[in-house]
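Presented sequentially are two complexes of chain A, the first with chain B as partner and the second with chain C.
Here is the complex of A and B:
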């Protein structure tokens, strides 16, 4: 995959120029690998999913803290300067909120436990609820709330890391052909969004000029024109799309369409059976049946997507390539998932430390290695492009701005 | 369906789509309600909860299957542009209510658009607006497929409200009454199923009255859940949502409906002319 890029770049000039040794070739490859670029958004999502799977396999606060630290470090060192990248702190806040709610509920509803931390007055609710609030607060109850909250919070932070690292617009560009229309709807929505703010400003300015007063009827007098304006624009956009050849359909026969629908139905059926088998742990459905139904459903869905995507051939402008760095990122995400899945199977007492009796949680070497591997993309991936670009443009624009203010 | 009726339906829902929609909706409902149907588990397995994680992966796939089927004939450019613009408007409305207690500004437009453009459009709009707003606010997560499906149901249900009743077209104050009643029901049901899916995660208070009991009898768990949801969210959040729906539909409804119907007339969604090549074999 990296060979085409290699030929396009100017050859690094060695001492002799022509007879470069293998060392120089390797050095050139390493240089190219480290060139600033945005990674494939799918790679970041797979990496983050690996982290989320790892978090789902443990309630050990030490491993969860380590995981969150690793993920956050990667986000801080590899996020681009973009609005979606700044949303990471919101996810940190959300995780904190989840932990606070779970611990707060344990205190509010007063769970059982022998190690009493402090005592709160009991409140008995009237009959239909039959619930007592507060009461003695035990360390066991608080800790079980804390552990569960940490697990959910770590999963939320992993998802937030993917949101912060992966460019949502590039993710849309990777939408398969079968979902082309849906992807196009999202692209339209994302590009119309900034126009709405402008539309609101225009309408409110017109309203002020008509001496529209205060906040009365604000909703009706601003919302209605903005909506009408947006819909009119959508018709203009549709006209423009039609005139540029949108809606061009390939030659898909009626039989192919029936086949697609049939495949879609079968796929949905297979996935439903698989989901049912996953839910049914009582052993009434044999384990292999669920797995087979899931795999079959996935395969059928893939076939239906392929078939439906064939209705129109489309080329892609500047596709995101899957190269070495993407594979490295995915492997780094796989490591913690594998480590903790293994641990939760072989040593469940380590993965899920006991709360009653209270036990100090421990860490194993496998866990440590797996979780630290999640942080490796911070060093092993090329930096995002716009950081380097902004660093350069800052230098070039500075005198310009100085001239403007002077 | 007559040609005139068809021209108002930018995304037609054929019999195959109905079949797939029903199947996926039933499966989706089961995935929302999984805590009620789960059998009792041996204590050793209880930590390794696989089912909810598998659902988080399967549910978006099922939603995508429906979207592929609905847009399988290709979407009219006007329907596509209108979906995109309405999704953007809804995505812009969504954060308006985020900071306030239970104010939900999203549903009223979804309901009105579903009413005007039909169930297929309502379904796709529910999905696309939640997805667009998740992309804009970087809010993609395991909760998103559940929100997408629930909103899609809200939009689709609005499209299924009766167009004619006792031979008379439902318009004017009757239409408003229908839409407001639907808005209130949708607000409470949405809150209910979104809580249901999440219940076992916040459960475990050690109280018989509120707690989720894995494998408990269906009705017992349902009763406990209803108390839980009444205590935790119905009283404040869902009521706030219902009130917002009612007020917005009552105040803005007639105007928005007029704007949307004007757009339908201008767009003139004709039945698509298709040429199927005659296969010689």
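Here is the complex of A and C:
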């Protein structure tokens, strides 16, 4: 499944004709399927959400460890060479921190349990608090902290995996046409922040050239030039976007615009009613109403988006297409979610292993298959586009100091 | 292609119009140069072409501006986007996306160009501008010249037939500027793109332009063939001044043209010693050198090293700034000039090295001590200024520096007479703001003054004024260092030159040897008179007056 296979592919009109027919066609398809490319960011997000749903349905540390291993393996083998992809280890660190905090709090505040691991001296806080810190540490308390921490940590890692695998900007580019403006604002904001940071750095550095006076004037000395700078830049950017065709009006009548807004309002109303009915546990609202309102709201919103999308006559450069590999990724994400949802409903004691009394957690075959399916994208998807090419072109010239501070 | 008919434009709130009764026609495929002093309305004229003025800026425009038959009164800039492309001085502020390919496609996405067409046009544009190997690079990591070519490419890919460029090479070093101009010329020659370009550095553009639009002040314009308009233009590149001095006809616009006519001059002046004549009026010569200074004064640096992570910006440089002399620091963008100056100022980072001023070591000294002896005017002089009036800035500088009231204000009046002290520094012209920053930094009477790229955005008269100011300061016995790309400025004011490349100082010497031997950093006169070491028109004028 790499480029060399393509070169070895026999010509379909070989002299013997041996390679004609369905087999050759399938081989060609497989080769094309395996060509390196970036997948649709939405696919990775759905896959990761599947993992997160699975994590939310269990506290079994074995299942969670398997899940994290599967997700991490996919990240390592399918992430691109990009700053957002390198942030994955931050999420791993965050998950570790969450576990440490959960366990730490159990130890700090003490909890009941019969299996005492070790004893710490008690600290009685003075009167207004009337809290006792430390004391005997039980295995039950530590484990329940650990299980809870593992669950939350696994969910965080799943989100981190989505972030590492999907270019956040491509995800924005994939939003429907009606949300284009929203996406544009985010993209501009994302590029403005580094500029703002750079200007703060530049100005505060310049400030040190001039006066030795203290922090008293910091706000004025730094914020004034930075704000003036930011305003100038935004005006420049707005002017540039204007002269490059941003906000060109399509041929849309006022009636169509009103229709869009009306539809959107109705859709929002339907979604609110539906969400309320779905979350209402008192039984005051009939179940069918919630479902109907939710479905109707979604349908209306879809129609409104379509209508609004028609207003913006824009096109996309190299749009991410939804192809076979994307579907495979989503299915691989669906598997653990389904497996653990089923498990938590039918075998709650396996999905949530008891800590009191202490029980050794176990795994079922269904769980194992579902969780391992999450790792399949590491083999079943095309690799990310050529890392070597990008890395090489990045080294051709050094960043230009002069132009950056201009 | 572009037609202005009786255009008068008044900025909102202004008492006098910026443009008065401008009539201008630029036919298709022409490369037209817009020139004029700072603040004379070049940007306004350029902005009017796509309706940016007055749709975006406000103000009142009378008369009619048409592009390819479309009237800007009826068409907004965004509607003209498929016809007119605008490129500014700092492309980074106009970039909407963050990688080269996406930026090229952005305009087409807005115009609704079909995906397949877009793909083909992006590839074509990458090749046309020679940026194909940069396609996946983040825009912020590109050099200035590369960024500028991406900016041109992005409007070209959207289908622009008219390019409007406002000082596209002002911030670039000579090599990058040539890259950008070469790319532009290819578009003009091969694709018949119409170009309207404003530029302060006429020496870079004049020879390529078909016609020149000179804004003479008061809102009027003169239009004609470049050589004709240049004949009595108040701003002119050195070759033109030389041509005027020598009375050559036709007036030379390029070094090559001048050199072909300069044979008799080279013969006549072969015996003269260029060092006897001042390179700028009032400058030092071998006959009237600068007032002497005590030996061993000035700045001495040894083994200065600056590194950011793994990137070495300045590599063990030994650097001297003798008192009473002006040293220019030259080299392409990113060669470590700024890093060196910032390290010397005591503010920028440094890894190793020691340096001293007048024998006082500074490597371990507290920042206040360094600041008392060395002052830096950064590239963006406005960063130094944060108060709401010139008078307040001056008062703050007095409190910070000498403690003598009015010291800064009187310095400013020497540097830039007639600046209104009640104005906000942001409302000053580029040159006035630079003078204010210099005055602020000089108030504490430091023996060493460093300036980073002070001439960017200054026109010829403003540069001459800055040169006089610096010469005066050197005569007082100060050590001055100017980091610059501007060979003409260096030729006129500097005594010594240091050339840097990849963080190392590769060439040190008197300016008349360094600037005459380098191909990139030679002044135009040096190229015309080569191999004789003449550097400026002022020298030749003085020599001409004495030689029969």
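FYI, the second predicted complex is superposed on the first by the 269 of 406 C-alpha atoms of A that agree within 3 Å, B and C clash if a C-alpha of one lies under 4 Å from a C-alpha of the other, contacts with A are read in each partner's own complex, and residues count from 1 in each chain.
In this text, contacts are C-beta pairs under 8 Å (C-beta built on N, C-alpha and C of every residue); 3 or more make two chains touch, one makes a residue touch a chain.
Nothing here was measured: the structure is a model prediction, and the numbers come from that model.
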item	value
Which superposed partner A:245 touches (first chain B, second chain C, both, neither)	second
Contacts of A:319 with chain B and chain C, given as first, second, both or neither	second
Chain B versus chain C as contact partner of A:96, first or second or both or neither	neither
Chain B versus chain C as contact partner of A:206, first or second or both or neither	second
Per-residue contact with chain A, leading partner among chain C and chain B	B
Contacts of A:383 with chain B and chain C, given as first, second, both or neither	neither
Which superposed partner A:136 touches (first chain B, second chain C, both, neither)	neither
Which of chain B and chain C A:302 touches, first, second, both or neither	neither
Partner chain(s) touched by A:84 [first = chain B, second = chain C, both, neither]	first
First, second, both or neither for A:221, with chain B first and chain C second	second
Chain B and chain C contact sites that coincide on chain A, given as residue numbers	184, 187-188, 190, 220, 224, 228, 232-233, 237-239, 241-242, 246-247
Interface residues, chain C side, partner chain A - complex	50, 52, 56, 76-82, 84-86, 88, 90, 92-98, 101-102, 105-115, 118-119, 122, 133-137, 140-144, 146-147, 154-155, 158, 171, 173, 311, 313, 333-334, 337-339, 342, 345, 347-348, 367-368, 371, 375-376, 378-380, 382-387, 396-397, 400, 426, 440-441, 453
Chain A-facing residues of chain B, complex	16, 19-20, 23-24, 27, 30-31, 34, 37-41, 44-45, 47-51, 53-55, 58, 61-62, 64-65, 67-69, 71-78, 80-89, 91-92, 124, 127-129, 131-132, 135-142, 201-202, 204-210, 227, 231, 251-252, 255-256, 259-260, 262-263, 266-267, 276-277, 279
Contact set on chain A toward chain C in their complex	169, 184, 187-188, 190-191, 194, 202-203, 205-213, 220-222, 224-225, 228, 232-233, 236-248, 313-319, 389-390, 393-394, 396-406
Touching residues (chain side chain A, partner chain B) in the complex	53, 56-57, 59, 83-84, 87, 90, 101-102, 105-106, 108-112, 128-132, 141, 144, 148, 152, 155-156, 159-160, 162-164, 168, 171-172, 178-179, 181-182, 184-190, 192-193, 196-197, 219-220, 223-224, 226-228, 230-235, 237-239, 241-242, 246-247, 249, 251, 253-255, 257, 260-261, 264-265, 267-269, 271-272, 274-276, 278-282, 294, 298, 301, 304-305, 308, 311-312, 344, 348, 351-352
